[in-house]
């Protein structure tokens, strides 16, 4: 891991030196030695942990994969070029991110820019991508605004769905369980008071009500809450079979531990971001089995298994089972679009991304209205894998295990 | 329900108090507003994490390594970096400004080292996450442990400060650094020791917190600010104040979450903090400025 | 007509009563010494008059108007200026700015070009002519005291409270200091001075008030008061009585 | 008079920067101006009084939020006016609440206040509007933001200059040195502190409001980021908070340093930055300008000596 980092640093330094040398010169095809990929990601600050799991390792893996394969073939230019990276730390602030993208676009003259991590940063950098005509492959943004945003920013692509997708899928899944008599009618929801939690709870609350569920608890808690004893204690006395938390990583883990300690073991235990993280089984111990959450993967896909292996080998950690594979798939889409266009014409590449069909680790993908609609929406830990239970488009989902196994008290 | 909320709140408050006591010692005696305090906590969490996951050492035993390490590290930080600043500043305002800048730098250094070694991701392990039943309320053993340690350390420190000669020296320096040398006290070494002791307490807090909280290299500042709030609310340099303020904040947070709305817990925390300062500008247990 | 009058003024800190039922009057133009052993409440009395501390009980009036219920800045605007027991210069300001600070915020403020001549004259009065630009924290102790006096005078006071202003001076400086205060008296400023230097008290004060343990134990012409046995006992201890 | 002319010429020259600077230099310009305004406004109150305020981002964020809420409802100049009013009202409340606080208590109070504001805005958005995150789609390009910030910076410097020459500036310095002496000299402490604090906070609020359109998307964790408050303090302290151009001259090199470090050492940014801060405290104990002064005086002294 350390050696890898050192290499990227050297690479980054080399690139910026080169950029300074080349500044102002027109970049001609025959002068090219590489395809320049730029990104600004949070390496420090509040978003660093999230980006360190879903975004940065996949960027590294993709560059490594492409370069090991000899680079990208640009048929119109008659060359095959390796990828060269210019990376910046956006320090988890929007202001830095916007400026870094301006810099990548106009100083470093990179060919393509990869987006930062998270919904807010992707929304905030949308106009800047648009202004410089770079396609934006937002693989870690969950927003119901996507249909409007693609109208506003023609070359933006939204890959992780919106709050309604996840909420509706969850409700549909639970309706079936209720009809099968596996769970009762009572549901408790706790949501983190941040963009993600609110988007999902806003979609879920009416969906649950319309489906005839009784919402006996529906509250938010602030970002940064560390003690969930009050919430779990209250919910455990309400007789719910279904507990839903639209939570963020540290809360996701804390909620699990608190529920185990309080021996609150509802038949359906659903959590938000972080459930699909490879670290989750370490946190929850044997109790991870049967926990549901956002995301999921196809456990039978060989391409995905190979991706997991390569990712683990390069980064020293497994990818998460939600946004990681989609992030990697977004890069594969970019890669294939570039190769099909045969040069670095961003307009043409963006059009190809809009209209083409691509073969990725998550299967065959065709964007609908610039959005990835083929998504795993609900997953569950089964046999050590976070398998998909519900998919927006395709079958082949695993059946949920309801009730989940009862908690095993920690030793 | 009320009893349960109160117990849970006290236990949560115990963590806050434990985390804050070291800082109140550092600020109260050494006059250093240590912005890197939370990063020392996180460093200790990483220490306990590595000992536990790589070497299989129980965090309670791990404390025997991590706490002295925290002491030595803080001792060195003070001796190398802060002592020259303390010596050259004539007045307290100057040292405050300098120490803010210097420890702000230190914060980045510790965080940067942790980022290089451990990456930015979340770390977590599970230890003593077993339920303990107290008066019908289920509490996680690791959180209970934090509370017990807060009380033990608080009591131990209080005894040390009030019953030993060394404690008298520390209190003299805290009360009046200018005149302490007149009675033959070496202010430098007292301040250095207090700063190191504060670091040891931070390390203890870090180990305990790591047992039940998910942490990452960039989370130090959250602990710093929480600790500062507790310290200021209790009255700078006052151990009992830190303990009381920690418990109050824990109680408020839990009671609001249980009976009003979990969405308002942090707002209530800050509101209480601000209200205390508006009514008592020197904190709960602090002495008036004049 | 009395300029300042105290009636039953009391100040307690918690359980400790520092000033207890203090009453006296100052006639305009007088220079009065406030004497007493350490801890007898003299400085507290000055602090109460200048509004630095609020009274616990009693009334302080200036020219017949109560000032014990208003804050120090409004008392200053009524014409009360003071120096502090330990000199309190404004260290980040220059000598001239220290004086300007008083000119600028007094009842009839002086500011800008006009203030410069005032500053120069006030500094010349206390023997600091031509030193306006010097940083205040570079002055010697006696010069700091001079500057503090110039600052107090810049407020254009009717009543000047001097808290051990002559303490810590060498004999030459003391003579100069006494001469300076004498010149103020001649300008018609009423002066209340807390002082331990007896020679100065004899030279300057027409009248003395003596305090012990928070209460007034003597009040009268200087020579009489200083001869009073009780005063000597309170002041110098039983051995001298 | 010459100085004023020079300042006006410099201002006019800076106003032409967007005409030939590319988007990235313009972005740098916006960043520098933004922090320059915040640091200068911060120092206006905190420099002379030495009250270290961490509430900068509370006002900055309030400004940004005001724009986000009202951008579709009111014409832009009116939105800015409302933002300034919001800043003023909050500043007066905060100012009154903190009157009795000093030193570290003031520092942490202002920090807690920022978090409280952020929590309350979040709670309101979550429970009343049921949405977190707002969009600001205003036809205001980077060059407009640049010009507005430049104008704000010019105004801020002009106010700071006026304050330093006026009675209220002197009053603030006297209070900073010794509040007891100040009150005995007739300085109205409450009024002075409140006035300056409010002016400083209104400027911060406007700085946030002006920059809001640049981000398009606004949520509490973006605009109430406490790091901003810390950076402003560090910049002002570095440059020397008691000089007119001190905070600005602290903001420029630090801002460029951050930029350079994050571009060239994205993976070791934190460590290098931290070590630099520590080095700065040791090498330049009184700020950049003071260091420049003492260097200058040393040089001239040498030159005078035979």
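Letters A, B, C and D mark the chains as written, and numbering starts fresh at 1 in each.
In this text, contacts are C-beta pairs under 8 Å (C-beta built on N, C-alpha and C of every residue); 3 or more make two chains touch, one makes a residue touch a chain.
These figures come from a predicted structure and were not determined experimentally.
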Which of C-D and B-D has more C-beta pairs touching across its chains: B-D
Remotest chain, chain A as reference, centres from CA atoms: C
Approximate Å spacing (C-alpha centroids) for the pair chain C, chain D: 43
Centre distance in Å when chain B and chain D are each reduced to the mean of their C-alpha atoms: 30
Cα-centroid distance, chain A relative to chain C, in whole angstrom: 74
Inter-centroid spacing, chain C versus chain B (mean Cα positions, whole Å): 47
Overlap residues in chain C, where contacts from two or more other chains coincide: none
Shared interface positions of chain B, touching two or more other chains: 111-112, 115-116, 263-264, 266-267
Shared interface positions of chain D, touching two or more other chains: 119, 123, 126-127, 267-270
Touch-based graph of the chains, sorted into line, ring, star, complete or other: other
Contacting residues of chain A [partner chain B, same complex]: 1-2, 5, 42-46, 48-49, 51-53, 56, 190, 193, 219-222, 224-227, 229-231, 233-234, 249-250, 253-254, 257-258, 260-263, 274, 277, 279, 282-285, 317, 409-411
Residue ranges of chain C in contact with chain D within the complex: 50-52, 71-73, 76-77, 81-82, 84, 88, 90-93, 97, 100-102, 104-107, 109, 111, 151, 155
Residues of chain B touching chain D in the complex: 27, 33, 81, 84-85, 88, 92-93, 96-98, 100-102, 104-113, 115-116, 221, 225, 228-229, 231-232, 236, 263-264, 266-267, 270-271, 273-274, 277-278, 281-283, 289
Footprint of chain D on chain A - complex, ascending: 5, 8-9, 12-13, 16, 43-46, 87-96, 98-100, 102-103, 105-107, 119-120, 123-124, 126-127, 131-132, 145, 152, 193-195, 198-199, 202, 220, 222-223
Chain B partner contacts - residues on chain D that touch it in the complex: 50, 52, 97, 100-105, 107-109, 111-113, 115-116, 119-120, 123, 126-127, 226, 230, 233-234, 237-238, 267-282, 285
